[in-house]
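Beneath this line is the structure, given in structure tokens, with notes to follow.
Each chain carries a letter (A, B, C and D) given by its place in the written order, and its residues are counted from 1.
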Amino acid sequence: MSDPLIIAGKTYNSRLIVGTGKYASYQQNADAARAAGAEIVTVALRRVNLSDPGKEILTDFVKPDEFTYLPNTAGCYTADEAVRTLRLAREAGGWNLVKLEVLADQKTLYPNMPETLTAAKALIADGFEVMVYCSDDPVYAKMLEEAGCCAIMPLGSLIGSGLGIMNPVNIRLIVEQTRVPVIVDAGVGTPSDAAMAMELGCDGVLMNTAIAAAKDPILMASAMKHAVIAGREGYLAGRMPKKMYADPSSPLAGLI
Amino acid sequence: MSDPLIIAGKTYNSRLIVGTGKYASYQQNADAARAAGAEIVTVALRRVNLSDPGKEILTDFVKPDEFTYLPNTAGCYTADEAVRTLRLAREAGGWNLVKLEVLADQKTLYPNMPETLTAAKALIADGFEVMVYCSDDPVYAKMLEEAGCCAIMPLGSLIGSGLGIMNPVNIRLIVEQTRVPVIVDAGVGTPSDAAMAMELGCDGVLMNTAIAAAKDPILMASAMKHAVIAGREGYLAGRMPKKMYADPSSPLAGLI
Amino acid sequence: MSDPLIIAGKTYNSRLIVGTGKYASYQQNADAARAAGAEIVTVALRRVNLSDPGKEILTDFVKPDEFTYLPNTAGCYTADEAVRTLRLAREAGGWNLVKLEVLADQKTLYPNMPETLTAAKALIADGFEVMVYCSDDPVYAKMLEEAGCCAIMPLGSLIGSGLGIMNPVNIRLIVEQTRVPVIVDAGVGTPSDAAMAMELGCDGVLMNTAIAAAKDPILMASAMKHAVIAGREGYLAGRMPKKMYADPSSPLAGLI
Amino acid sequence: MSDPLIIAGKTYNSRLIVGTGKYASYQQNADAARAAGAEIVTVALRRVNLSDPGKEILTDFVKPDEFTYLPNTAGCYTADEAVRTLRLAREAGGWNLVKLEVLADQKTLYPNMPETLTAAKALIADGFEVMVYCSDDPVYAKMLEEAGCCAIMPLGSLIGSGLGIMNPVNIRLIVEQTRVPVIVDAGVGTPSDAAMAMELGCDGVLMNTAIAAAKDPILMASAMKHAVIAGREGYLAGRMPKKMYADPSSPLAGLI
């Protein structure tokens, strides 16, 4: 079954985007990204160490010719800061497809939505293709879509919390109204969380901690690959109706 | 990774057992079983039509040399009835590995646990390998294990309801105490339900309606195959801890 | 509104039964029972200290002329033990209305259902009015009702766990089929848990730890009194239907 | 126990605010408000019929000397419209304490948060005391508090949906950070929902449909009164810890 994910005109076969934080090593990170079947990896632009040539660098392991790099603005707390960061990154690396996040505070790492919208508009006017981390408020998700974002990335729950999809109603409402890809970003903790996000009709899932902080990140990456496929196929296949009472499976089946 | 499921001394690579009821046709049933990657199919022994040679028969499609047939006693409401049914089946078809279910009533299709235990003891004494459909009561699950059942099959929720795992605490308690395989039987409605069962540490999942009553049973079968793998690998990989507040993924990652 | 709870022919105005374990003192226990508006208190018969006349005794505080004493068999692990304990209690104190619990093991404190049914039958034959702690299996609940128990007391979750009602479907099924009072026993942790039990149609709630282990047991007892009333009235009042989309409250209201 | 709710300097004993929509009659509305023990009722200012002197009017039944009227801007879709509506209302009726809601669309009735914040600032500058209906985004809730709103009123779920508190984590985060009263507005369907909102530490609950659309609105109003008290007392009393395994209540209690 051909069921590609198309973001900003480019086609991907994987619906699982992975991060590049919290891994024990770049090697482990690369192995996990491969086990996840990921085609896109997201990378924080802040605190980039360009100065120490003796240190290992991510790109030697998670190779840009193997994965699409999706630079993100994690750690930016204002629209200005995010826009400036991405402009610098474009000059340095040529990245045009970016993940915008403008955070509100360190306790929640929730997005500051007005700053996010401001930054999105500025970046889009500047020619960027903007995938945008946002709250699960369908109203703001619509504004971001109307501003021209190429993917809406609502949070499932707190970044790094592993609490799963707190509000499936909001995710459903966002999916129903959105014509660009909807990718749950933040909160997924388990394969069943990832499957649930996809069963709600999301087009993809982005995760970092669920893989990086598992006891065996490589195996969890594989688990998540299967979970995203499972949820996607389950969504397309159309689930059985729920029932209040039992309904026999077997009586009509004949053995021989 | 080699991670076989061993039931009654025989090794399986798939942890998903599928049913043979409610499908539009035997052909669809066979296609779904293959898409699910199933090695075992369960078949109801009651109301077996042996008499009409002109009608299609299941075994022409879901072939016994391709799948392990697991005869079940769906539709039996007493220990006697279940035991008698399985003895006849063994004489006819040689099946020794069986799935025992003794139902209490048509509204819930819940097991009658005392009758189930009585039947299990009789069958085990008679040389059967008994996989047993049971309530999610860990106390009774222990009695069935001590009686010699080769797999404990607690219900997730009502048969055919698609309500998922109603009581994960009970499934967890059963998993913790049981040394033979624990296979959730009944209630799974979605891939995420199946993944969740496996994440609780179950050794497998049996389902019928979730696949057969999906809009596209073949695609749902594939979804469930991936979901069971996802949940199994997720369990083995060890999930990240849940957190009450946010935890940043990205700040430590360097881009270049 | 007159809405009494009738157990074994006797009428009660309160639907909240409280325990007598884990309190800091008998005085606190009595104060909590009063704050809860309880008319029935349950008391464990095992390890009764009859021998030390210098020690405080429960009945000086939680007075038998103020509360109906409901002796229970907590700590009994066989039918024999439970029956013997209750016979002794009846000889000593004249109690005929009893709460039967036959436990399976110390880790779960779940009931041993076959032993419970055996004990119930013996006690009923012996003239006792038996309220019975049981699993949430509707099939066994029916057997206990048919055996003549005067109240069915399914567990919401593990005793002392505060996990709430794990399986509302099973509680609903028990409520629908049962003609004697159904009283959730074990698992309630919060007022909302207690309200939920009552909203499912239960006739009452029994709790101990949720009150005794609260930071302020007296205030929690009052909270639970209100919660049980809230849930009962909510059940009788008939809840609004759930909706998938918004439905305006206000537009039709005129101000002046 | 004295535990008043103070909003904009005024003290209330009830923590339950009720609406004035969807009732069968103004008489029923008034009876429900009394059964709820409400001191504040909220009334939509839009579509106010001032012109037909022959028709019954709300104030003849839900009397302004018996209840504090809280005018709301339900049906307003822009900041301008909401501000204008409230200014007219102040001129006409003298209301200074108001409930601001600026809606985004009819399908969700979710707030348009940027318009809401704009309106809140304008109204506060204009001397209004603004209680504000908002999303459950803690970041925006903080902005509204910093703008000077006198109560933060996050939605539990869709208006009129009865789905309860979809995201308890967000409500908890809002409660933890907010120094003015937090009042859940929208979504409550059952007494247990209301209790849960209060157990999260909210200062009050506003509801309309849960009462008005119950089969017996007067009885449901009473249920909700008890539920809010239950949840409040439960919050103050401090819940027992949750446990993974059983913990016996009874063994230490002595009978006589």
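Some notes on this structure:
Here is the rule we go by: contacts are C-beta pairs under 8 Å (C-beta built on N, C-alpha and C of every residue); 3 or more make two chains touch, one makes a residue touch a chain.
The chain list, named the UniProt way, goes like this: A, B, C, D = Thiazole synthase.
Predicted model only: the values in this text are computed from it and were never measured.
Hopping across touching chains, the smallest step count from subunit B to subunit C is 1. Residue numbering shows that subunit C and subunit D use the same positions for more than half of their mutual interface.
Each chain gets a centre from the mean of its Cα atoms; the one farthest from the centre of subunit D is B.
Chains compared, subunit A against subunit B: the Cα-based superposition rotates one onto the other by 180 degrees, nearest 5. Between subunit C and subunit D, the centres computed from C-alpha atoms are 33 Å apart.
Once the centre of each chain is set as its mean CA position, subunit A and subunit D turn out to be 35 Å apart.
If you average the Cα atoms of subunit B and of subunit D, the two centres end up 47 Å apart. Residue positions of subunit D touching 2 or more other chains, listed in rising order: 108, 110, 158, 163, 169.
Residues 1, 19-22, 42-50, 57-59, 69, 71-72, 74-75, 89, 92-93, 106-110, 158-163, 189-196, 199, 208-210, 212-217, 219-220, 222-227, 229-234, 236-256 of subunit C touch subunit D in their complex. Chain contact summary for the complex, subunit D toward subunit A: residues 104-105, 108, 110-114, 117, 135, 137-140, 142, 157-158, 163, 166-170, 173.
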